[in-house]
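Please find the structures below.
Paired with chain B in one complex and with chain C in the other, chain A is shared by the two complexes that follow.
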Partner chain A sequence: MRKFSALIVFLFLFVVGFSGIAMSKEAPKYIKVGTLYASSGPFAKPSTAEFKGLNFWVHYVNSKGGVYVKAFHKRIPVKLVAYDDQSSTATATTLYNQLITQDHVNILVADFGSVLTSVAVPLAKVHKILLFDVTGTGSKFFTPDNPYIVLCSLPTSGRWPYTLADFIISEKINRIAIVYSSNDFDQSQAVTLHNKLKKAGVDIVYYHAVPSNTSNYSIILHNIKAKNPNAVIEFGYPNNDIAFLQNLESSGLKFNMVFTVFPGQLFKLLKANVGVKALSYGYTYPTPPLLRYNKVNLGMGIDKFEKEFEKYSGKTPNFLNIAGYNVGLIIQKTLETSKKFNQLAFRKAIAGFSGKAFTLDGLFKVNKEGAQIGEMLPVAQFVPRGQGLKMNIVYPPSMKTAKAVYPAP
Partner chain B sequence: MLSYALIGGIMYGLYFGLVGMGLNLIFGVMRMINLAHGDFIMLGAFLTYWLYYLFGFNPLIVIPISIVVFLVFGFLMYYVFVPKLLHSKDPEMLSFILFFGVSQVIEAIIILFFGNNQISVPSTIFAKLFNVSTFTLFGNTFPISWLVVSVACIVAFVLIYVYFFYTKLGYATRAIMANRHEALVSGIDVNKVSAIAFGVGIAAASLAGVMGFFMIGAAFPSMGTDLTTISFTIIVLGALGNPLGTVIGGLIYGVAIMLMQTYFSSWTNVLPYLLLIFVILIKPEGLLGKAVRNV
Partner chain C sequence: MYRKKGIIYGLGITLLVIVLFIFLPNIYNNTSFLFNLMLYMALAEGLNIIYGFTGYLPFGYVGFFGAGAYSAALAILFLHFPPLIAVLVGGIGAFLIGIIFIPLLKLSGAYFAIANLAASQALYYIVANPNLEKITQGPYGISLANIYNPQVSYYVMLSILAFSMVTVIFIRFSDYGLALLSIKEDRVSASLAGINVPRERSIAWGLSSFIAGLSGGVYAWYVAVFYPTTVFSLEISVFVIVFVLFGGIGTLVGPLIGSLVLYSFYNFIGISTPQYFQLSYGLLIIIFALFIPNGILSIFEKRGIHVP
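Moving on to the complex of A and B:
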């Protein structure tokens, strides 16, 4: 009887074990890509733009029969599972959880920006699912003990001002005012710039944070003017940049150099809100499509992408559409090269093509912590041309298209 | 810097007095918190944007249009929602839920028609109109748009004061604010007067929207929630149910914000709410609290 029982247990374990192996090798019907977007709230505009870019990628790969998954040696259609977090981190937390534990998505993609990504990072780590971080560049997300995150577009925000700092130093601009929104994205830029300039002996005459929902900078501009700086650097989200540039123009104050972040990413939006005059001679970080990357080895170049995206959505793409599409490309390459269909294998595959993949967003290269270090943000200046504006890259010298007009007339 | 913060704060505060005015007027008459208040400010901003880009209307021309449109809209809205609410068992709680729903619907409709983008009219529109971009007050230079907004706010406050204290309708409104049932017994057409007051409250909110571009930057569909919260803070500071106390609340809010931006900029958002807690602890009825039922 005891032998018979042992045989039954053995057979049971064998069948369960074997079927388990067989099931793990069975290709899924769909590759479930789970993400969040914000249809309302302060992040609605960039979030929906990014989501549209990801949707375009899904539409494009599915029109080719799906994405090639090396682990199963076949093309599998992609199914996008998406929920609306309404720009709320509380809602996003619940919905990320739902994507992981209820929908059992194969791929998890974060919502726009550092704020809405911040709640996904610990969840992804706990549930051991790789988070494809689109534009959450907060430097605190990337730690040596967390292999479950990869930043796909843009370098970590702490690296953004590297070229800006070099530009300021090279132009010998020696009195700087820095005002930044009190969130991780802007604060890490401000800290980097502050430290680099201090080290170079540049005098930081104004260095203050403001709440991220600041919508009136008039008094701050007046206080900055009292310190008589040669350059004013404002780190903020689009709402901050719009309010800052509008207040600057209506105040009648003049500075030799004014830098804001988002004109280089959301040029049309900023131009529509603040006008050509307010942007004239202003500086920014240019990103695609202002930067034109056509020599790529992954996905479409910028020219082709613009044509295809316009056909798909009827609109000219902005940077965030590109970022959304770009994360799709990284997912695609991951699945194409990962030998196994599990999260750590995905991470390993990414390490394999890191530094070799060049997309319309630039060089994709991540460090051990998953932070993006391949893309570099040059410094550009808008100069008036006819009724509009022309963007010149003024730094670094290897990318320079024109000399900076400094001081601004 | 101190004088700039104080003078700037007064101008900023006048605007925020206008922002809170409509909410307090409606609360005073109906004892209901209009949670869609900020959304009517947003609608005023979108109307301004739309008329500017479609017909080239200056915001000063939009002011009377906006007042008429939203006065009528508010008047009709009162008859659709409020009488039924007042007959319910718990009108105050139900009004919260109802106006929250209205807020969500307004936001969704605007997103449907305008998308999620921030929108603005040029910040220099008054500079072009008056051919002067700044003005100087006690040695401090401010944008001309601040002066225009301040004057518009003062005119609005004077008109509301005249409405309350020099018109029959105003007497009736004050009577309802003091005691709705007694006003009814004394022969006042409570529903009609309340509907007009509701319309005036919505129109005041829309006026704040028209002027908003020049004080709080770009407008966007979800801006309403924050504005409702700020308005609530302001009317509690002044006195719930006393529209004129709102001006005091607005001024305190404006000056507090400007002083904080000058000296402790990263703590700017904290002070108004600290003030709110302080006022509630020390004088729960608000700074002009006695006037709650007497206007």
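Moving on to the complex of A and C:
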């Protein structure tokens, strides 16, 4: 009888103990995705656009019953925890820490751009949580000793002008003027282009940085004209591109080739601010939705996404909405393929599908440091068509839809 | 007797603050919030030295903070100084900038505030100049990721806060503090009474810039990756000025209370109701400005309670 009692007690303790272990491995009620957005300040517009894209992804996966988590073999709803950093890095530091230490989010997503991502990088590293970097392309973030960062939606900015350089070289355009805004994002592009062209023997006749808040390029444009270049490349943020193109239009100056960054990303914004004439025959890097990726193996193709996003928000999506949605897709794939539910397993899972996942944003491929190297930015030119503009991809040859109109009429 | 009591109370409060910030991470482990709170308290005390005791309102106070952050970072990157020494270099760097800006003290009132603001912007543009990329790394930011140590930098920040508080205690309860207050009341009369106005206010200016520089240095260490826009952000000046005004100028406790209440509210609202953040925080500031225009400590002073 005593032995029986002991056995019962032992079984009871075993069951209780085992259930305790099982409990600790239980699936969470929600997958907590933590992020920041800026409702005010200099990054408000791009940040809220990205945030809306991420929100859309959360809304969409939850409408399907949640995201499939391989580690638990089931779908789990996603809960988005988001705070407003108001474009302030000091506030962002506290709020990232809040997401990590108080909210204990399972997935940490950075705010828009390099400045607001910068404070999250060391925090994520020290707390050993993988940072899903949306558009923070600063090269300083990606180091061999930090496995806790993955850039999801854009290649590191130093890689952006690869195709542009090849285009200039292939078209045998000489005498290039490069003006760039003095920030990490634009400087790295300018340096890459400068070095590649120099190596190819192309003459750089003008190479200058301007403050990122430059709003008048009139004198700069006349200085450039004095050097008589065949192509003018301007690397800037949207506000710089708008000012540059407006000033170019009003100055009456003509160049054979003019390249700016953001008409290809924020076409509607640029068109509304500078007009069709100023964009005519101009070159840019086209990104989705101007680039139409419909043959995808992860998430929606661009056509379907546009329809669903318009239904959800009542607005046509821009590139930043797509970038926000795209980071959601990378999170989704990570959870679908990670065998274990921990941060290093997530990173390992990402390495597993890197180079194989193709989304509406292009090929997702990261290097060992977590920097995006898959997405390629082709070169496109806007040509007048009726009252509007048509975008032709002019380089690389594999994506070419028309020959470049060079020199511009 | 009053002075002795004040010093004892002041040191007691300093000790209490030290003990609190040592134990708070065990209760609330968002150490970034606690670090930023200490940072703003130290900056508020630093600003209090020049504004609270002499009446000079430096709108460009952030210039010293940024100078400190960059001095410390450059000491680490180029001279390979250990972080602790680099923080000290940050303080010295800001102090030297303070010496260069001493002629600004010949101005007064709004003229001084605006000139100081312009000086801090000039510093920002010098540091962010792309042509100085090889020295300051221009606008492309600095990475100190290899020395990142949030635990140690937390306690260094606490030491700087303690130092700033002890400095304010010394000023508040010394003849030097009385001299500064007389300068604040009337410079000409103070000068006629035998006070060396340029020397005394320059010392206060130097101390104030040194504290801001130390804070900037440890901030650079704590965040590890930063841009000129991060450490020369005018928002920092505005926050510190509002915290000091809200708490009560010319005291030890006022800037501490101002920072504690307003920065805690700022974060509480930002975390609990981020969608109504600006509305809630704006309303709060308006209510405080309407009903307690002279700062929280004025409520106690009206009741005859002297606060250190």
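Assume the second predicted complex is superposed on the first by the 385 of 409 C-alpha atoms of A that agree within 3 Å, B and C clash if a C-alpha of one lies under 4 Å from a C-alpha of the other, contacts with A are read in each partner's own complex, and residues count from 1 in each chain.
To be clear about the criterion, a contact is a pair of C-beta atoms (placed from the backbone, for glycine too) under 8 Å apart; a residue touches a chain by one contact, two chains touch by 3 or more.
Since this is a predicted model, take the numbers as computed values, not measurements.
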{"item": "First, second, both or neither for A:Ser182, with chain B first and chain C second", "value": "both"}
{"item": "Touched partner set for A:Pro211, first chain B, second chain C, both or neither", "value": "both"}
{"item": "First, second, both or neither for A:Ile219, with chain B first and chain C second", "value": "first"}
{"item": "First, second, both or neither for A:Thr94, with chain B first and chain C second", "value": "second"}
{"item": "First (chain B), second (chain C), both or neither touched by A:Pro122", "value": "second"}
{"item": "Partner chain in contact with A:Asn273 - chain B first, chain C second, else both or neither", "value": "first"}
{"item": "Partner chain(s) touched by A:Gln246 [first = chain B, second = chain C, both, neither]", "value": "first"}
{"item": "Partner chain(s) touched by A:Asn294 [first = chain B, second = chain C, both, neither]", "value": "neither"}
{"item": "Touching partner for A:Lys140 - first (chain B), second (chain C), both, neither", "value": "second"}
{"item": "Residues of chain A at both interfaces, chain B in one complex, chain C in the other", "value": "39-40, 182, 209, 211"}
{"item": "In the complex, chain A residues that touch chain C", "value": "39-40, 82-84, 86, 88-91, 93-98, 101-102, 114-115, 118-119, 121-123, 125-126, 138, 140-141, 143, 146, 182-184, 187, 209, 211-212"}
{"item": "Partner chain A, residues of chain B touching it in the complex", "value": "1, 4-5, 8, 12, 107, 111, 115-120, 122-124, 127, 133-134, 140-146, 214-218, 220-222, 226, 258, 261-262, 265-266, 268-269"}
{"item": "Chain A-facing residues of chain C, complex", "value": "29-33, 36, 125, 128-131, 138-141, 143, 145, 148, 150, 223-227, 229-230, 233, 235-236, 266-267, 270-271, 274-275, 277-278"}
{"item": "Chain A to chain B touching residues, read off their complex", "value": "39-42, 44-45, 48, 87, 179, 182, 208-211, 213-216, 218-220, 222-223, 226, 238-239, 242-243, 246-247, 249-252, 269, 272-275, 277-278"}
